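Presented sequentially are two complexes of chain A, the first with chain B as partner and the second with chain C.
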Partner chain A sequence: MTDRRRHHDMGGVPEADPIPQEGHTSEPWEKRVDAIKALLSDNKRKLLTTDEMRRGIEDLGADAYERYSYYERWIASVTNNMLEKKVFTVDELGRKMAEIEARQDNKPL
Partner chain B sequence: MSARYKEGDSVRVRTAYPPGHCRTPFYCRGKSGVVVRHCGEFRNPEELAYGAYEGPLTPMYRVRFEQKDLWPDYDGSARDKCEIEIYEHWLVPAEGADHA
Partner chain C sequence: MHDDHDHHEHHHDHDHGMYEVDPLHYHPPQPDLEDSKLTHHQIMQMAVAELLIEKGVITADELRAQIDFMDSITPARGATLVARAWTDPAFKERLVADSRKAGAEIDMELGPIPILVMENTPTVHNLIVCTLCSCYPKMLLGTPPDWYKSRSYRRRAISEPRKVLAEFGTTLSDDIELRVHDSTADMRYLVLPMRPEGTDGMDEAALARLVTRDCMVGVAVPQS
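Presenting the complex of A and B:
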(Lines of atoms letter the chains of each structure in order from A and count residues from 1; the text may use other names and numbers.)
(Lines give C-alpha, C1' and ligand atoms only; values in the text may rest on other atoms or scores of the structure.)
Protein backbone atom coordinates (compact mmCIF):
# COMPACT_ATOMS: atom_id res chain seq x y z
CA MET A 1 0.00 0.00 0.00
CA THR A 2 2.82 2.40 0.79
CA ASP A 3 3.74 2.63 -2.91
CA ARG A 4 0.45 4.42 -3.42
CA ARG A 5 1.47 7.19 -1.03
CA ARG A 6 3.03 10.15 -2.79
CA HIS A 7 6.33 11.16 -1.22
CA HIS A 8 5.29 14.58 0.16
CA ASP A 9 2.19 13.11 1.86
CA MET A 10 4.18 11.92 4.87
CA GLY A 11 1.85 12.53 7.82
CA GLY A 12 2.37 9.70 10.30
CA VAL A 13 5.14 7.98 8.31
CA PRO A 14 7.44 6.44 10.96
CA GLU A 15 10.70 7.46 9.23
CA ALA A 16 9.63 11.11 8.77
CA ASP A 17 11.54 13.55 10.96
CA PRO A 18 9.64 15.26 13.78
CA ILE A 19 8.35 18.77 13.00
CA PRO A 20 10.76 21.39 14.42
CA GLN A 21 8.75 23.43 16.91
CA GLU A 22 11.14 26.34 17.40
CA GLY A 23 10.88 29.51 15.32
CA HIS A 24 13.47 30.51 12.73
CA THR A 25 14.56 33.60 10.81
CA SER A 26 14.37 33.96 7.03
CA GLU A 27 17.26 34.82 4.73
CA PRO A 28 16.76 37.86 2.48
CA TRP A 29 16.55 35.61 -0.63
CA GLU A 30 13.85 33.54 1.06
CA LYS A 31 11.79 36.68 1.70
CA ARG A 32 12.26 37.60 -1.95
CA VAL A 33 10.93 34.20 -3.06
CA ASP A 34 7.92 34.73 -0.81
CA ALA A 35 7.35 38.16 -2.38
CA ILE A 36 7.63 36.78 -5.94
CA LYS A 37 5.00 34.15 -5.13
CA ALA A 38 2.69 36.80 -3.62
CA LEU A 39 3.03 39.12 -6.63
CA LEU A 40 2.45 36.35 -9.19
CA SER A 41 -0.70 35.32 -7.30
CA ASP A 42 -2.20 38.78 -6.79
CA ASN A 43 -5.42 39.95 -8.43
CA LYS A 44 -3.55 41.97 -11.02
CA ARG A 45 -1.51 39.03 -12.36
CA LYS A 46 -3.37 35.84 -11.37
CA LEU A 47 -0.52 33.74 -12.75
CA LEU A 48 -0.23 31.23 -9.92
CA THR A 49 -2.60 29.65 -7.40
CA THR A 50 -1.42 28.10 -4.15
CA ASP A 51 -2.67 24.81 -5.57
CA GLU A 52 -0.43 25.13 -8.62
CA MET A 53 2.47 25.94 -6.29
CA ARG A 54 1.79 22.83 -4.24
CA ARG A 55 1.39 20.66 -7.34
CA GLY A 56 4.75 21.93 -8.61
CA ILE A 57 6.45 21.11 -5.31
CA GLU A 58 4.89 17.64 -5.15
CA ASP A 59 5.99 16.96 -8.74
CA LEU A 60 9.66 17.74 -8.04
CA GLY A 61 10.12 14.08 -7.10
CA ALA A 62 11.23 12.47 -3.86
CA ASP A 63 14.95 13.17 -4.35
CA ALA A 64 14.62 16.93 -4.95
CA TYR A 65 11.92 17.17 -2.29
CA GLU A 66 14.41 15.88 0.29
CA ARG A 67 17.45 17.75 -1.03
CA TYR A 68 15.91 21.21 -1.43
CA SER A 69 15.17 23.53 1.46
CA TYR A 70 11.65 24.92 1.89
CA TYR A 71 12.14 28.03 -0.23
CA GLU A 72 14.28 26.18 -2.77
CA ARG A 73 11.23 23.99 -3.35
CA TRP A 74 9.12 27.14 -3.69
CA ILE A 75 11.31 28.82 -6.31
CA ALA A 76 11.68 25.56 -8.26
CA SER A 77 7.88 25.28 -8.44
CA VAL A 78 7.40 28.97 -9.31
CA THR A 79 9.98 28.61 -12.10
CA ASN A 80 8.39 25.48 -13.57
CA ASN A 81 4.92 27.01 -13.40
CA MET A 82 6.07 30.16 -15.22
CA LEU A 83 7.80 28.08 -17.91
CA GLU A 84 4.60 26.07 -18.40
CA LYS A 85 2.62 29.30 -18.73
CA LYS A 86 5.11 30.72 -21.22
CA VAL A 87 5.82 33.75 -19.04
CA PHE A 88 9.47 33.22 -20.00
CA THR A 89 11.39 30.59 -21.93
CA VAL A 90 14.15 28.26 -20.78
CA ASP A 91 16.59 30.22 -22.94
CA GLU A 92 15.57 33.59 -21.45
CA LEU A 93 15.84 32.19 -17.93
CA GLY A 94 19.25 30.63 -18.59
CA ARG A 95 20.65 33.82 -20.10
CA LYS A 96 19.32 35.96 -17.24
CA MET A 97 20.78 33.61 -14.61
CA ALA A 98 24.19 33.68 -16.36
CA GLU A 99 24.03 37.49 -16.52
CA ILE A 100 23.34 37.76 -12.79
CA GLU A 101 26.06 35.24 -11.94
CA ALA A 102 28.58 37.27 -13.96
CA ARG A 103 27.48 40.44 -12.18
CA GLN A 104 28.06 38.75 -8.80
CA ASP A 105 31.48 37.41 -9.88
CA ASN A 106 32.66 40.88 -10.90
CA LYS A 107 31.62 42.51 -7.67
CA PRO A 108 34.55 43.84 -5.62
CA LEU A 109 34.75 42.09 -2.27
CA MET B 1 -23.89 22.70 -5.62
CA SER B 2 -25.96 21.68 -2.61
CA ALA B 3 -24.22 19.97 0.26
CA ARG B 4 -24.81 16.22 0.38
CA TYR B 5 -23.85 15.80 4.04
CA LYS B 6 -24.77 17.60 7.25
CA GLU B 7 -23.43 17.82 10.77
CA GLY B 8 -23.59 14.44 12.50
CA ASP B 9 -23.51 12.31 9.34
CA SER B 10 -21.21 9.30 9.43
CA VAL B 11 -18.94 9.30 6.39
CA ARG B 12 -16.01 7.35 5.04
CA VAL B 13 -13.11 8.69 3.02
CA ARG B 14 -12.82 6.93 -0.34
CA THR B 15 -9.97 4.46 -0.65
CA ALA B 16 -8.57 6.18 -3.72
CA TYR B 17 -5.07 6.96 -4.93
CA PRO B 18 -5.24 9.47 -7.79
CA PRO B 19 -1.80 10.16 -9.23
CA GLY B 20 -1.98 13.97 -9.13
CA HIS B 21 -2.41 16.78 -6.62
CA CYS B 22 -5.07 16.38 -3.94
CA ARG B 23 -5.58 17.66 -0.39
CA THR B 24 -6.86 14.47 1.24
CA PRO B 25 -4.11 13.05 3.47
CA PHE B 26 -3.05 9.49 2.71
CA TYR B 27 -3.49 8.42 6.31
CA CYS B 28 -7.26 9.04 6.36
CA ARG B 29 -8.16 7.20 3.14
CA GLY B 30 -10.66 4.45 3.80
CA LYS B 31 -11.26 5.68 7.36
CA SER B 32 -14.65 6.58 8.83
CA GLY B 33 -15.53 9.69 10.79
CA VAL B 34 -18.34 12.12 11.55
CA VAL B 35 -19.12 15.42 9.82
CA VAL B 36 -18.82 18.20 12.41
CA ARG B 37 -19.20 21.19 10.07
CA HIS B 38 -20.04 22.14 6.50
CA CYS B 39 -17.23 24.68 5.90
CA GLY B 40 -18.61 26.21 2.71
CA GLU B 41 -18.11 25.78 -1.01
CA PHE B 42 -14.76 26.21 -2.73
CA ARG B 43 -13.14 25.62 -6.07
CA ASN B 44 -11.65 22.16 -6.30
CA PRO B 45 -7.88 22.25 -5.54
CA GLU B 46 -7.41 19.22 -7.81
CA GLU B 47 -8.52 21.42 -10.72
CA LEU B 48 -6.93 24.69 -9.55
CA ALA B 49 -3.60 22.86 -9.33
CA TYR B 50 -3.63 22.34 -13.11
CA GLY B 51 -4.71 25.84 -14.12
CA ALA B 52 -8.49 25.29 -14.22
CA TYR B 53 -9.55 28.41 -12.32
CA GLU B 54 -13.23 28.50 -13.31
CA GLY B 55 -14.48 25.07 -12.21
CA PRO B 56 -17.64 24.60 -10.15
CA LEU B 57 -17.68 25.17 -6.40
CA THR B 58 -17.56 22.03 -4.28
CA PRO B 59 -18.62 21.63 -0.63
CA MET B 60 -15.94 21.05 1.97
CA TYR B 61 -16.53 19.51 5.38
CA ARG B 62 -14.68 19.22 8.64
CA VAL B 63 -14.67 15.53 9.53
CA ARG B 64 -13.80 14.26 12.99
CA PHE B 65 -11.95 10.96 13.33
CA GLU B 66 -11.02 8.99 16.42
CA GLN B 67 -7.22 8.89 16.60
CA LYS B 68 -7.38 5.19 17.40
CA ASP B 69 -9.21 4.66 14.10
CA LEU B 70 -6.50 6.48 12.11
CA TRP B 71 -3.47 4.86 13.72
CA PRO B 72 -3.54 1.12 14.55
CA ASP B 73 -0.82 1.52 17.22
CA TYR B 74 -2.17 4.74 18.76
CA ASP B 75 -1.27 4.79 22.45
CA GLY B 76 -2.76 8.14 23.52
CA SER B 77 -6.13 8.66 25.18
CA ALA B 78 -9.00 6.71 23.63
CA ARG B 79 -10.90 10.01 23.48
CA ASP B 80 -8.33 11.80 21.26
CA LYS B 81 -9.71 13.12 17.97
CA CYS B 82 -8.29 14.38 14.69
CA GLU B 83 -10.27 16.78 12.48
CA ILE B 84 -9.55 17.04 8.76
CA GLU B 85 -11.12 19.30 6.14
CA ILE B 86 -12.20 17.15 3.19
CA TYR B 87 -13.91 17.93 -0.13
CA GLU B 88 -17.24 16.27 -0.83
CA HIS B 89 -16.11 14.11 -3.75
CA TRP B 90 -13.77 12.26 -1.37
CA LEU B 91 -16.60 11.20 0.96
CA VAL B 92 -19.19 8.41 0.83
CA PRO B 93 -21.80 7.46 3.45
CA ALA B 94 -20.03 5.36 6.11
CA GLU B 95 -21.94 2.23 5.12
CA GLY B 96 -21.91 2.82 1.37
CA ALA B 97 -19.68 1.56 -1.42
CA ASP B 98 -16.68 3.59 -2.54
CA HIS B 99 -18.03 4.48 -5.95
CA ALA B 100 -21.71 4.98 -5.17
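Presenting the complex of A and C:
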Protein backbone atom coordinates (compact mmCIF):
# COMPACT_ATOMS: atom_id res chain seq x y z
CA MET A 1 0.00 0.00 0.00
CA THR A 2 1.52 3.30 -1.04
CA ASP A 3 0.07 5.37 1.71
CA ARG A 4 2.18 8.47 2.16
CA ARG A 5 0.12 9.90 4.93
CA ARG A 6 1.82 10.59 8.22
CA HIS A 7 0.93 8.39 11.13
CA HIS A 8 -1.57 10.69 12.83
CA ASP A 9 -3.58 11.04 9.61
CA MET A 10 -5.47 7.81 10.19
CA GLY A 11 -9.02 8.46 8.98
CA GLY A 12 -10.27 5.47 7.00
CA VAL A 13 -7.22 3.28 7.65
CA PRO A 14 -8.47 -0.34 7.95
CA GLU A 15 -8.96 -1.27 11.58
CA ALA A 16 -10.49 -4.39 13.04
CA ASP A 17 -10.64 -3.32 16.68
CA PRO A 18 -14.02 -2.34 18.11
CA ILE A 19 -14.39 1.11 19.63
CA PRO A 20 -13.09 0.81 23.21
CA GLN A 21 -16.11 1.57 25.36
CA GLU A 22 -14.40 1.54 28.72
CA GLY A 23 -13.14 4.96 29.69
CA HIS A 24 -10.99 6.22 32.49
CA THR A 25 -11.38 9.14 34.82
CA SER A 26 -8.85 11.85 34.13
CA GLU A 27 -5.95 11.66 36.55
CA PRO A 28 -4.85 14.87 38.27
CA TRP A 29 -1.62 15.05 36.29
CA GLU A 30 -3.61 14.73 33.04
CA LYS A 31 -5.87 17.60 34.05
CA ARG A 32 -2.79 19.68 34.78
CA VAL A 33 -1.42 18.97 31.30
CA ASP A 34 -4.75 20.10 29.84
CA ALA A 35 -4.74 23.24 31.98
CA ILE A 36 -1.12 24.14 31.18
CA LYS A 37 -1.90 23.82 27.47
CA ALA A 38 -5.01 25.99 27.81
CA LEU A 39 -3.17 28.71 29.73
CA LEU A 40 -0.27 28.81 27.26
CA SER A 41 -2.80 29.17 24.44
CA ASP A 42 -4.95 31.87 26.00
CA ASN A 43 -5.02 35.50 24.94
CA LYS A 44 -2.88 36.58 27.86
CA ARG A 45 0.05 34.40 26.77
CA LYS A 46 -0.45 33.35 23.15
CA LEU A 47 2.53 30.99 23.43
CA LEU A 48 1.00 27.92 21.83
CA THR A 49 -1.53 27.60 19.02
CA THR A 50 -3.58 24.47 18.41
CA ASP A 51 -1.66 23.91 15.20
CA GLU A 52 1.70 24.16 16.95
CA MET A 53 0.44 21.77 19.58
CA ARG A 54 -0.66 19.26 16.96
CA ARG A 55 2.52 19.59 14.95
CA GLY A 56 4.46 18.81 18.14
CA ILE A 57 2.41 15.65 18.62
CA GLU A 58 2.76 14.59 14.99
CA ASP A 59 6.53 15.13 15.07
CA LEU A 60 6.92 12.57 17.84
CA GLY A 61 6.98 9.90 15.15
CA ALA A 62 4.89 6.79 14.70
CA ASP A 63 6.65 4.76 17.37
CA ALA A 64 6.26 7.26 20.19
CA TYR A 65 2.76 8.12 18.97
CA GLU A 66 1.71 4.52 19.55
CA ARG A 67 3.63 3.99 22.78
CA TYR A 68 2.68 7.19 24.55
CA SER A 69 -0.70 7.72 26.09
CA TYR A 70 -2.78 10.70 25.00
CA TYR A 71 -1.58 13.07 27.70
CA GLU A 72 1.98 11.80 27.43
CA ARG A 73 1.90 12.97 23.82
CA TRP A 74 0.44 16.25 24.97
CA ILE A 75 3.05 17.05 27.60
CA ALA A 76 5.81 16.03 25.19
CA SER A 77 4.47 18.49 22.61
CA VAL A 78 3.96 21.30 25.14
CA THR A 79 7.51 20.79 26.38
CA ASN A 80 9.06 20.73 22.92
CA ASN A 81 7.14 23.85 21.92
CA MET A 82 8.32 25.72 25.02
CA LEU A 83 11.92 24.64 24.35
CA GLU A 84 11.67 25.88 20.77
CA LYS A 85 10.32 29.20 21.97
CA LYS A 86 13.07 29.43 24.57
CA VAL A 87 10.60 29.80 27.42
CA PHE A 88 13.02 27.49 29.23
CA THR A 89 16.14 25.63 28.17
CA VAL A 90 16.89 21.93 27.87
CA ASP A 91 19.36 22.39 30.69
CA GLU A 92 16.76 23.94 33.00
CA LEU A 93 14.29 21.21 32.14
CA GLY A 94 16.81 18.45 32.72
CA ARG A 95 17.87 19.83 36.07
CA LYS A 96 14.28 20.36 37.18
CA MET A 97 13.29 16.83 36.22
CA ALA A 98 16.31 15.38 38.04
CA GLU A 99 15.40 17.45 41.09
CA ILE A 100 11.81 16.18 41.07
CA GLU A 101 13.00 12.61 40.65
CA ALA A 102 15.40 13.02 43.55
CA ARG A 103 12.64 14.41 45.75
CA GLN A 104 10.62 11.34 44.95
CA ASP A 105 13.50 8.96 45.64
CA ASN A 106 14.08 10.56 49.03
CA LYS A 107 10.47 10.21 49.93
CA PRO A 108 9.94 8.12 53.06
CA LEU A 109 7.66 5.21 52.33
CA MET B 1 8.34 27.38 52.61
CA HIS B 2 10.07 26.01 55.69
CA ASP B 3 13.41 24.30 55.53
CA ASP B 4 12.59 22.08 58.46
CA HIS B 5 10.00 20.28 56.38
CA ASP B 6 12.78 18.23 54.91
CA HIS B 7 13.35 16.71 58.31
CA HIS B 8 9.78 15.82 58.96
CA GLU B 9 9.35 12.21 59.87
CA HIS B 10 5.65 11.48 59.62
CA HIS B 11 5.02 8.98 56.91
CA HIS B 12 1.61 10.30 56.11
CA ASP B 13 2.85 13.83 55.75
CA HIS B 14 3.76 13.40 52.10
CA ASP B 15 6.95 14.43 50.62
CA HIS B 16 7.46 17.97 51.69
CA GLY B 17 9.57 19.41 48.94
CA MET B 18 7.44 18.15 46.10
CA TYR B 19 4.21 19.56 47.44
CA GLU B 20 5.72 22.84 48.44
CA VAL B 21 7.34 23.61 45.14
CA ASP B 22 4.46 22.24 43.14
CA PRO B 23 1.52 23.79 44.96
CA LEU B 24 -0.87 22.15 42.56
CA HIS B 25 -0.83 19.02 44.65
CA TYR B 26 -3.21 20.66 47.02
CA HIS B 27 -5.03 17.43 47.73
CA PRO B 28 -3.10 14.47 49.02
CA PRO B 29 -3.17 11.71 46.42
CA GLN B 30 -4.83 8.38 47.11
CA PRO B 31 -2.62 6.18 49.28
CA ASP B 32 -1.88 3.64 46.57
CA LEU B 33 -1.01 6.38 44.09
CA GLU B 34 1.16 8.10 46.61
CA ASP B 35 3.38 5.08 46.90
CA SER B 36 3.73 4.50 43.19
CA LYS B 37 6.65 5.95 41.34
CA LEU B 38 6.02 8.91 39.08
CA THR B 39 6.39 8.18 35.39
CA HIS B 40 8.78 10.04 33.12
CA HIS B 41 5.94 12.08 31.66
CA GLN B 42 4.44 12.87 35.04
CA ILE B 43 7.82 14.20 36.12
CA MET B 44 7.98 16.18 32.88
CA GLN B 45 4.55 17.67 33.61
CA MET B 46 5.64 18.72 37.11
CA ALA B 47 8.91 20.16 35.81
CA VAL B 48 7.14 22.17 33.11
CA ALA B 49 4.58 23.51 35.60
CA GLU B 50 7.29 24.51 38.06
CA LEU B 51 9.44 26.17 35.40
CA LEU B 52 6.48 28.10 33.98
CA ILE B 53 5.53 29.25 37.47
CA GLU B 54 9.11 30.18 38.44
CA LYS B 55 9.46 32.20 35.26
CA GLY B 56 6.21 34.00 35.82
CA VAL B 57 4.59 32.69 32.64
CA ILE B 58 1.70 31.27 34.65
CA THR B 59 0.80 31.29 38.32
CA ALA B 60 -0.26 28.39 40.49
CA ASP B 61 -3.57 30.16 41.06
CA GLU B 62 -4.19 30.42 37.34
CA LEU B 63 -3.47 26.73 36.94
CA ARG B 64 -5.86 25.80 39.73
CA ALA B 65 -8.55 28.11 38.38
CA GLN B 66 -8.14 26.66 34.90
CA ILE B 67 -8.59 23.10 36.20
CA ASP B 68 -11.68 24.18 38.15
CA PHE B 69 -13.08 25.89 35.07
CA MET B 70 -12.50 22.82 32.88
CA ASP B 71 -14.12 20.61 35.51
CA SER B 72 -17.15 22.89 35.47
CA ILE B 73 -17.81 22.44 31.74
CA THR B 74 -20.09 19.45 31.22
CA PRO B 75 -22.39 18.24 28.43
CA ALA B 76 -25.20 20.00 30.31
CA ARG B 77 -24.15 23.15 28.46
CA GLY B 78 -24.70 21.58 25.07
CA ALA B 79 -27.93 20.01 26.30
CA THR B 80 -29.23 23.43 27.34
CA LEU B 81 -28.76 24.72 23.81
CA VAL B 82 -30.41 21.65 22.30
CA ALA B 83 -33.44 21.82 24.59
CA ARG B 84 -33.86 25.52 23.84
CA ALA B 85 -33.69 24.76 20.11
CA TRP B 86 -36.35 22.06 20.51
CA THR B 87 -38.76 24.44 22.19
CA ASP B 88 -38.03 27.61 20.21
CA PRO B 89 -37.82 27.16 16.42
CA ALA B 90 -36.54 30.70 15.91
CA PHE B 91 -33.71 30.03 18.37
CA LYS B 92 -32.91 26.82 16.51
CA GLU B 93 -32.52 28.76 13.28
CA ARG B 94 -30.16 31.20 14.97
CA LEU B 95 -28.21 28.36 16.62
CA VAL B 96 -27.65 26.59 13.33
CA ALA B 97 -26.75 29.88 11.62
CA ASP B 98 -24.26 31.09 14.26
CA SER B 99 -23.87 29.11 17.44
CA ARG B 100 -21.65 31.66 19.14
CA LYS B 101 -24.23 34.42 18.77
CA ALA B 102 -27.06 32.12 19.82
CA GLY B 103 -25.10 31.04 22.90
CA ALA B 104 -24.48 34.66 23.82
CA GLU B 105 -28.25 35.22 23.92
CA ILE B 106 -28.38 33.00 26.99
CA ASP B 107 -25.00 34.16 28.35
CA MET B 108 -23.22 31.00 27.25
CA GLU B 109 -19.66 31.53 26.05
CA LEU B 110 -18.72 29.15 23.23
CA GLY B 111 -15.04 30.07 23.00
CA PRO B 112 -12.90 31.34 20.14
CA ILE B 113 -13.20 28.37 17.78
CA PRO B 114 -16.34 28.25 15.61
CA ILE B 115 -18.73 25.40 16.40
CA LEU B 116 -21.05 24.36 13.58
CA VAL B 117 -24.34 22.90 14.77
CA MET B 118 -25.44 20.07 12.47
CA GLU B 119 -29.14 19.33 12.66
CA ASN B 120 -30.47 15.78 12.50
CA THR B 121 -33.68 15.42 10.48
CA PRO B 122 -35.93 12.47 9.58
CA THR B 123 -33.70 11.93 6.54
CA VAL B 124 -30.23 13.00 7.74
CA HIS B 125 -28.16 11.85 10.71
CA ASN B 126 -24.88 13.55 11.65
CA LEU B 127 -21.80 12.13 13.35
CA ILE B 128 -18.65 13.94 14.44
CA VAL B 129 -15.07 12.71 14.64
CA CYS B 130 -11.57 14.15 14.58
CA THR B 131 -9.52 11.76 12.46
CA LEU B 132 -6.31 13.75 12.89
CA CYS B 133 -6.36 14.06 16.65
CA SER B 134 -9.10 14.90 19.14
CA CYS B 135 -10.73 18.24 18.28
CA TYR B 136 -14.06 18.40 20.07
CA PRO B 137 -16.59 21.08 21.08
CA LYS B 138 -15.12 21.21 24.58
CA MET B 139 -16.87 24.43 25.51
CA LEU B 140 -20.20 22.63 25.13
CA LEU B 141 -19.37 19.04 26.05
CA GLY B 142 -16.31 19.18 28.33
CA THR B 143 -13.39 16.80 27.92
CA PRO B 144 -13.85 14.19 25.18
CA PRO B 145 -14.36 10.57 26.25
CA ASP B 146 -11.49 8.14 25.66
CA TRP B 147 -13.25 6.37 22.82
CA TYR B 148 -13.50 9.63 20.85
CA LYS B 149 -9.70 9.84 20.94
CA SER B 150 -9.15 6.15 20.21
CA ARG B 151 -7.37 4.93 17.10
CA SER B 152 -10.30 2.70 16.24
CA TYR B 153 -12.89 5.50 16.30
CA ARG B 154 -10.63 7.88 14.38
CA ARG B 155 -9.98 5.27 11.69
CA ARG B 156 -13.43 3.75 11.35
CA ALA B 157 -15.85 6.64 11.87
CA ILE B 158 -15.36 7.85 8.30
CA SER B 159 -15.06 4.49 6.54
CA GLU B 160 -17.71 2.38 8.26
CA PRO B 161 -19.78 4.77 10.37
CA ARG B 162 -22.87 2.56 10.42
CA LYS B 163 -20.90 -0.26 12.01
CA VAL B 164 -19.47 2.19 14.50
CA LEU B 165 -22.95 3.43 15.39
CA ALA B 166 -24.10 -0.17 15.83
CA GLU B 167 -21.38 -0.67 18.44
CA PHE B 168 -23.00 2.16 20.38
CA GLY B 169 -26.36 0.45 20.04
CA THR B 170 -27.59 2.88 17.39
CA THR B 171 -29.12 1.42 14.26
CA LEU B 172 -29.95 3.74 11.38
CA SER B 173 -32.26 2.59 8.67
CA ASP B 174 -30.67 2.48 5.23
CA ASP B 175 -32.77 5.30 3.86
CA ILE B 176 -31.33 7.79 6.35
CA GLU B 177 -28.34 9.65 4.98
CA LEU B 178 -25.38 9.56 7.39
CA ARG B 179 -23.07 12.57 7.27
CA VAL B 180 -19.75 12.36 9.07
CA HIS B 181 -18.01 15.63 9.97
CA ASP B 182 -14.25 15.63 10.50
CA SER B 183 -13.25 18.32 12.98
CA THR B 184 -10.17 20.49 12.71
CA ALA B 185 -8.23 22.88 14.89
CA ASP B 186 -10.28 25.73 13.43
CA MET B 187 -13.73 24.18 13.12
CA ARG B 188 -15.69 22.08 15.60
CA TYR B 189 -19.09 20.46 15.33
CA LEU B 190 -22.04 19.70 17.58
CA VAL B 191 -24.91 17.43 16.56
CA LEU B 192 -28.39 18.80 17.17
CA PRO B 193 -30.41 15.61 17.69
CA MET B 194 -34.11 15.27 16.89
CA ARG B 195 -36.58 15.74 19.69
CA PRO B 196 -37.94 12.30 20.61
CA GLU B 197 -41.63 11.48 20.24
CA GLY B 198 -43.79 11.56 23.31
CA THR B 199 -42.11 14.58 24.87
CA ASP B 200 -44.77 17.16 24.09
CA GLY B 201 -45.58 17.93 27.69
CA MET B 202 -41.99 18.31 28.84
CA ASP B 203 -40.45 21.65 29.73
CA GLU B 204 -37.00 22.79 28.67
CA ALA B 205 -35.21 21.54 31.79
CA ALA B 206 -36.76 18.08 31.50
CA LEU B 207 -35.94 17.94 27.79
CA ALA B 208 -32.32 18.90 28.47
CA ARG B 209 -31.96 15.86 30.69
CA LEU B 210 -32.69 13.61 27.68
CA VAL B 211 -29.78 15.07 25.74
CA THR B 212 -26.64 13.10 26.46
CA ARG B 213 -23.08 13.74 25.36
CA ASP B 214 -23.27 10.79 22.95
CA CYS B 215 -26.38 12.26 21.29
CA MET B 216 -24.49 15.47 20.60
CA VAL B 217 -21.54 13.56 19.10
CA GLY B 218 -24.02 11.57 17.03
CA VAL B 219 -23.32 8.04 18.24
CA ALA B 220 -26.67 7.89 20.00
CA VAL B 221 -30.14 9.39 19.74
CA PRO B 222 -32.18 10.76 22.66
CA GLN B 223 -34.62 8.39 24.32
CA SER B 224 -37.82 9.68 25.87
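One rule holds in what follows: the second predicted complex is superposed on the first by the 98 of 109 C-alpha atoms of A that agree within 3 Å, B and C clash if a C-alpha of one lies under 4 Å from a C-alpha of the other, contacts with A are read in each partner's own complex, and residues count from 1 in each chain.
The rule is simple: a contact is a pair of C-beta atoms (placed from the backbone, for glycine too) under 8 Å apart; a residue touches a chain by one contact, two chains touch by 3 or more.
Since we're looking at a predicted model, the values are computed, not measured.
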Which partner does A:79 contact after superposing on A: first (chain B), second (chain C), both, neither?
second
Partner chain(s) touched by A:55 [first = chain B, second = chain C, both, neither]
first
Applying the touch criterion given at the start, work out whether A:100 contacts chain B, chain C, both or neither, answering first, second, both or neither.
second
Is A:15 touching anything from chain B or chain C once the two structures are fitted on A? First, second, both or neither.
second
Most chain A residues touched (candidates chain B, chain C):
C
Check whether A:4 is in contact with chain B, with chain C, with both or with neither, and answer first, second, both or neither.
first
Touching chain B in one complex and chain C in the other: list those residues of chain A.
9, 11-12, 49-51, 54
Per the touch rule above, chain A residues touching chain C in the complex are 8-15, 17-24, 26, 28-29, 31-36, 38-40, 45, 47, 49-51, 54, 57, 68-72, 75-76, 78-79, 82, 87-88, 92-93, 96-97, 100-101, 103-104, 106-109
Which residues of chain A touch chain B in their complex?
4-6, 9, 11-12, 46, 49-52, 54-55, 58, 85
Spell out the part of chain C that touches chain A in their complex, as residue ranges.
9, 11, 15, 17-18, 24-25, 27, 29, 35, 37-39, 41-52, 55, 57-58, 62-63, 66-67, 70-71, 113, 129, 131-135, 143, 145-147, 149-159, 164, 167-168, 182, 185-186
Chain A contact footprint on chain B (complex, rising order)
17, 20-21, 25-27, 45-46, 48-51, 53, 70-71
